[in-house]
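In the two complexes that follow, chain A is the common piece, with chain B as its partner first and chain C second.
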Partner chain A sequence: MTQFYGPSRKRYIRQQKQTHGRHPFGVFPAHYPREILWAMNVLPVEIWDPPLEVSHANAHLQPYICSVVKLGLELILQGQCDDLDGFLFPHTCDSIQNLASIVYDYLDIKKPCYFFYHPKAPYRSSSRQYYLEQLQTLASRLEKQLGPLDLSELKQRVQQGERLAYVLRELYTLRARGELCASNTEFYRVIRQGEYLHPDDFLPILEGFLADRKGQADRLCPIILSGILPNPQEILHLLDNLEARVAEDDLLNCSRRLLQPPVAREDPFEALAENYFAMPPCTTKDSPLMERVGFLLQKAAHTDARGVIFCMVKFCEPEFFDLPQMVEELKEKGLASLVVDSELNQGLSGQLATRVEAFLEMIR
Partner chain B sequence: MTFFKELRFNFMKDLGGPALMSISRKGRKRRHRAPNPHFGPALKSATRLKEIMTRHYFLSRYTEGAKPVAWVTSGAPVELLRAFDFYTIYPENHGALCGAKKLGPELCAVAEEHGYHRDLCSYARIDLGHYFSGKSPAGRLPKPDLLFASNNICQTVVYWYRALAHYWDIPLILFDTPYNFEEINDSDVSYMVQQFEEMIPVLEQVSGQPFKYRNFQEVVRIARDTSLAWGEVLATMKARPAPMSIFDAFVHLAPIVSLRGLPVALEYYQTLLKELKERVDRGTGALKDERKRLMWDNIAIWYKVRDLADLFAEQGMNFVTATYTNAWTETIRYLDDQRPMESMARVYSLVILNNNLNHRLKLMERLINEFEVDGLVIHSARSCKPYSVGQYDMKRLLMERLGVLSVIIEADITDFRVYSEEQTRTRLEAFFEAIDA
Partner chain C sequence: MDYFAGIDVGALSTDAVILTAGSEVAAYSIVETGANSTDAAEEALAGVLAEAEIVRSQIKRIVATGYGRVSVPFADKRVTEISCHALGAYHLFPDTGTVIDIGGQDSKVIQVGEGGKVLNFTMNDKCAAGTGRFLEVMANKLQVALDEMGELSLRAGREVPISSVCTVFAESEVVSLVAQNHPTEEIIRGLHRSIVNRVWNMVKAVGVNGGVAMTGGVAKNRGVVALMEEKLGQSVHLHEEPQVVGALGAALLAWRASQSAG
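For the complex of A and B:
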C-alpha cells in the first residue's frame, strides 16, 4: 500500500526547497515547537536514526556515547546535511547538549544553529513563564535569518498541529482497541514520516491511512513498547511474525510527543505552552517516576496489554535511570516487562530475538 | 526536631565528638607508606582537613531528629539551605571517598543487582548501592529530609535524585539552570530567581524555620569569601615550583564542596593559604624537582590519585592546574550579598559544566598560559558525559592553537572495572617521551 508513503527524505527535502522555497532544518531529538518552524516556512527534518555506518564520528565521540548522538554527528560529518539551512538542538540530555556545542563551537559547519531549552520538571509557575519566553526567544532569533513571523500563520500552524495530533490520537485509539488493520511495521513506518514530512503533506497521508485501515483487526497479543524509538526495526517484524500487536507505546519519538486535546487559547504562543505542558510524562523532561508509571499503567489498562517491552538505546542515561523502578512498579501491578538493549541500526541478534519470543510465550 | 536529639547533637558537636575522635585517633594504627623521594614535604594542613571532614561525617550520625538533613548535589546553591540550618551531605563527595577507598565496584555492584545499568554514572551507582546496602566508609549517612539538586553539572543528578526521592518518598527540589549555549539572558536569570522564591516556602516547611534574609546574606558573604580563598589557594600553584599539586587539591577541595557557606571552611582555606604562601616564599615545592608543569582535565580518577601522583612525580612532572578544581572559584566574582538571588543565578548557571564548550576551550587556554603549562592530561570519564563529550576535539584544538601536547586516559571516576592499567601506562609512557623530546 505504497500510497501511504511519501518520497525519500533526500528527494523530499530538495523538492520542498524548489517548489515551496522552504528552509529545511536538521532537528535533533526530541521536544521542540515545530509549529513555529512551520510558520516560518522551515521544514523540520528530525535526526534520530539515519541508516549509516559510524566511522567519522568516532574521532569526536567516546565509545560510551549513545548511537542517536553518534549517528547524528556522522550524518553531518559525512556531508549529508549540505541541503539543510540550519540546525536546531533541543536540550534533551547531557549527550545532545554537548553534541550541540561540539557542532556549534568546534566544527566549522557554517550553518546557523539554534538551541531550545525546555524547563525541567517538577513544573512550577516559573516553568510556564520561562517556556513561553523560550518560544518567543526562539522565534525572534529565527526572524533574524528568515524574516518576520506572521502571527496569523502561526495560529494556523498551531491549529494544523492540533489537527495532526487529533488524527494521530485517532490512529492510536483504534490500534489500542484492535480496530486498525495495520502491522506494527507498517504503523510505525507511516507515522514516523512525520519526522520529516511537512504537515501539508503528512496530514493527508495520515487521514488516508486512518480511513483505509479502520476496521476489526486480527486478535493478536497486545503489548506496549516503551523507550526512545522503535529501533532496531527488526523488532517490529519479529513482533508481527510472532502475532503480537503493539497496542500502545511510550516512545520518545512517538506518543511521548503526542499532543493531548488542546485547550482553546487566543494567543498562539500560549496555546503552544499549554499543549507542551499537557504532553505525556517523559524522562527527558525529568517527569516524576510515578507519573510515568501511571501513564504506562493507564495504557496497559485500556489496551489489556500483557506486557511492556523497553526498547533501550545503549548508553541512554535518561531511560536507564528510570528503568529499575519502572520494571519493579509494573511487576507489582502484575505487568511483565522485557528490556531490549541495543545499538541503533545493528539489527536484532539471535539472542535478543529468542528473548522476545520467550517473553511473548510467557505473557500469552 | 526533638529537644533531646538537639541536645545530643550539640553535645556531640562540642564535647563528645572531639573526645571520641581523639580516642579513636590514638587507638588507630597508622599504615605508613615509604615516603616518595620525589615529593617535597607534606602539607601540614592536611591533618586539620582530615579532622574537619571526619567530624562532619561523624556528626552527621546525630542529626536525625535534631537538625533537618539535606542531600545536595555538588553544584547546587547550598547557601539557601544554610540559611535554614540544614545539615548537608554531598553524595558526590561520599562517592569520591568510596572511590578513593577502592569501594566503587563493590557499591556499584549492589546498585547493578537492583537493575541499575553498569553504564550509568558511578557516583550515582555508589550512592544507590549505599541506599540498598547501608555500606559506607563514613560509617552511616543520615537519612535526608530533603533532596536538593541542580542540573548545572549534569542531567544525571536529577535522574539519580529522582530515584532517591521515589525510594524515600521525600521532597526533591530542583534548581533548573538553563544550559548556556551562547549567553544567558535576562529571561534565564529571572527564571532562576523565581525558582529561588518558589523554593523558600518548601524549605520553610521542611526545616520548620522561617526564612531569615540577613542570615542568608551572611552565608552568601562567607561562601563568597571561601570560594575566593579557594581561588587564592589554587593560584599559589602559579609559582615555580608550585607549593602543592592538583592531586593535593583534589583532596583539599572537600570543604569547598561540602562545607561551603560555613565559617569552618573559610577558616580552613585561610590556614592552608598561609601555609602555601610560606612554602612559596621558601621555594618549597610539591615536587623536589619540578621539571614540567601539567594541567588535568575532568574529575579525578579517585582510586588512582596516589599511584598517578607517584608516577608523575618520578618524571618530575607536577599538575599545577585543573579545570575541575577551578570550578568552585571560577564564577564566584558574580556573587553579591546585596543582590544574592540574582547573583547566585549567575554564579551557579555559568559553571564550567553548564557552559558551552567554546567557553571551556577559552578557559583551558587561559589556565595553560597563566600557569605556564607544558602538557595536558585528559581523563575521559565514562561516568560523566557532560565533562567528557567534546574532549577529543578540545585536545585537537589546543594542539592547533597552542601547540600543547596532551594525552587522553580512558577511565572512570570510581569504577576501576573499566580501567586498564596497561593501556594507561602505554599512553602515559608515550606522553612522557613526547613531552621530554
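For the complex of A and C:
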C-alpha cells in the first residue's frame, strides 16, 4: 500500500525546495507553531530519531544526555543538514536548551537558528499573554529572514492544521474502537510522516488512509503506548506479531501534540494560543502528574486497554521524573504497566522482547 | 495414552518435562544448550522421551519457553519463561506468591496469583550481575567447580565483602582478594551475598507475598539459597532440579491447552 507513503526525507526536502521554493528548517522536538512556518513557506522537518551511529556528538555532550539530542547533534556534525535553511529549537527540556546553545553559540554552522519558548504549567492568566508574545516574536524574527508574514495565509494554515488534526483524531478514534484495519507498524509509519511532509501533501495521504482502512479490525489485545516516541521501532512489529493493538497512545511525537476540536477565533494568533492550551497534558509542559494519570486512565477506559507500555528514551529527564509515581498511581488504579527504556535506534534485544511478551501474557 | 511436553531452552541448559494426561510428571531431562538451541531442544526431547519410555507420536502438544523458544521448530506454542516459571512453581508449591528465578543469563522476580497467573514481574536483563553467569566467571577465577561453590560457602566461618556489583570489576576484586590470601570459601560467600543483594532489589520492587519458590540453575547452590532465606526471614520452596520448573510450566500450559480444547 505504497500510496500512503511519501518520498524519503532527503528527496522530499530537495523536491520541495526546487518545486515550491520552500525553506526546509530542522526542527527539534516538540511543541512549536508549525502553522507560522507553513505560512512563511518554511517546511518544518522534525528531528527525532535519525538513523545514525553517534560518534562526533559524544565529544560535545555529557554521557547522560538523551539520544534524541545526541542523534540530532550528530546529524548536524555529520554535515547531513546542508539542505536545511535554518533550525528551530523549542524550549522542550534542558537537554534541548543545551543543544541549542551548543549549535548556536559554539558550532559555526552558518545557518539561522530560532528559539521558541512556550509556557509551562501551572498556567496562569499571564501564560496566555506570554504565549501570544512568543508567537509574535518568532514570527517577526522569521520575517527578517523570509519577508513579511501574510496574515490571511496564516489563517488558512491554521485551518489546515485543524483539518489535519481532525483527520488524525478520526484515525485515533477508529483505532481506539477497533475499527481501523491497520497494523501498529503501518499506523505509526503513516502518521509519523507528518514530521516532515508539508500539510498539502500529508493531508491527502491521511485522508486516503482513513478512507481505505475504515472497517472492523481483528480483535486484538488493546494496549496503550506512552513516552516520547514508539521506540525501539521494532516494538511495533513485535506487538503486531503478538496480536496486540496499540489502541491509544500518549506519545510526545504523536497524540500529545494532537490539537483538540477548535474554538472559532478570528485572529490566527489567538487561535494558535487556544490550540496550544487545549492540548493533552505532557511532561515537557510540566503538566501535573495527576492530570496525566487521569488522561491515561480515561484512554484505558474507552479502549478496554489493560496495560500501558512506557517507551522511555534513556536519560529523558522530563519523562523519568514522572515515571515512578505514574507507575505507582496506575497500579493503584488497576492498570498494569511495563517500562521499556532504551537508546534510540538500538533495536530490540531478545530480553526486551521477552519482557514485552511476558507483559502481554500477564494482561491478557 | 497422551502426553504433553514442555521445553525450556535457556542460556546454559535446555530442559524438557513430560506430563501424563493426568498432569503428573512422567520424566524430565536436562542437557547443555551449547551453540545450537534447536539441536539442544531435540536432544532434550529425545532424552526425556527415553526416560519416560514413550515415543514422540504419543506427545499431543509441545510448548517451548526460555530465550531459545523461537528455535524450537516442533513446538506448538511459545510462551515466555516468566509465565512458565510462575505456573511451574505454583503447581509444585500451591502457596507460592513469589518466584525468584536466577538463571544463566538473567534473573527474574515474579509475583504469582491464583492459578499460577503472573501478577507482576521484574527482570534483570542488562548485565551479568546477579545471574548464573556471574558465578560461572568467579568459579573459573577461583578454580573451583561451579557446583561445589554452594558447599564451600556454607563451610565459611566469615565472609569477605565484595564491593563491586559488575561482573568485570568483581572479577578483578576477586583476583586481589586471592592475592591477599583470603580463604576461597570466604570469598565465595561474599560473592553469593553480592548476588543475593542484587536480586534483593528486585524482590523489594515486586514484594513478597506468601510462599517463595526459587527456580533456575542458581537455586541449586545451597549457599545462595541460605543467604536468600536469611534475607527473606523464611525458608524457600525448592524442587530437586530447580531448573526444570520452567519446562514444567510449559508442559502444564500444553496440558491445559488440550483440556480447554476438549
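In this text, the second predicted complex is superposed on the first by the 364 of 364 C-alpha atoms of A that agree within 3 Å, B and C clash if a C-alpha of one lies under 4 Å from a C-alpha of the other, contacts with A are read in each partner's own complex, and residues count from 1 in each chain.
The rule is simple: a residue touches a chain if its C-beta (ideal position, glycine included) is under 8 Å from a C-beta of that chain, and two chains touch if they have at least 3 such contacts.
This structure is a prediction, so every number in the text was calculated from the model and none was measured.
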Fit-or-clash call for chain B and chain C when the two complexes are aligned on chain A: fit
First (chain B), second (chain C), both or neither touched by A:323: first
Touching partner for A:223 - first (chain B), second (chain C), both, neither: neither
First (chain B), second (chain C), both or neither touched by A:354: second
Three-chain overlay, vertex chain A: chain B-chain C angle, C-alpha, nearest 10 degrees: 80
In the superposition, chain B vs chain C on chain A residues touched: B
First, second, both or neither for A:42, with chain B first and chain C second: neither
Touching partner for A:137 - first (chain B), second (chain C), both, neither: first
Closest approach of chain C to chain B (Cα atoms, Å): 7
Footprint of chain A on chain B - complex, ascending: 114-117, 119-121, 124, 151, 154-156, 158-160, 162-163, 165-167, 172, 174, 176, 178-179, 181-182, 185, 187, 191, 194-195, 198, 356-358, 361, 380, 382, 385-386, 388-394, 397, 410
For the chain A and chain C complex, residues of the former touching the latter: 336, 349-352, 354-355, 357-358, 361-362
Residues of chain A defined as touching chain B within the complex: 59-62, 64-65, 69, 89, 91, 93-95, 97-102, 104-107, 115, 117, 119-122, 124-127, 129-130, 133-134, 137, 283, 286, 288-290, 314-315, 317-318, 320-325, 327-328, 341
Chain A contact footprint on chain C (complex, rising order): 67, 79-83, 106, 117-121, 123, 125-126
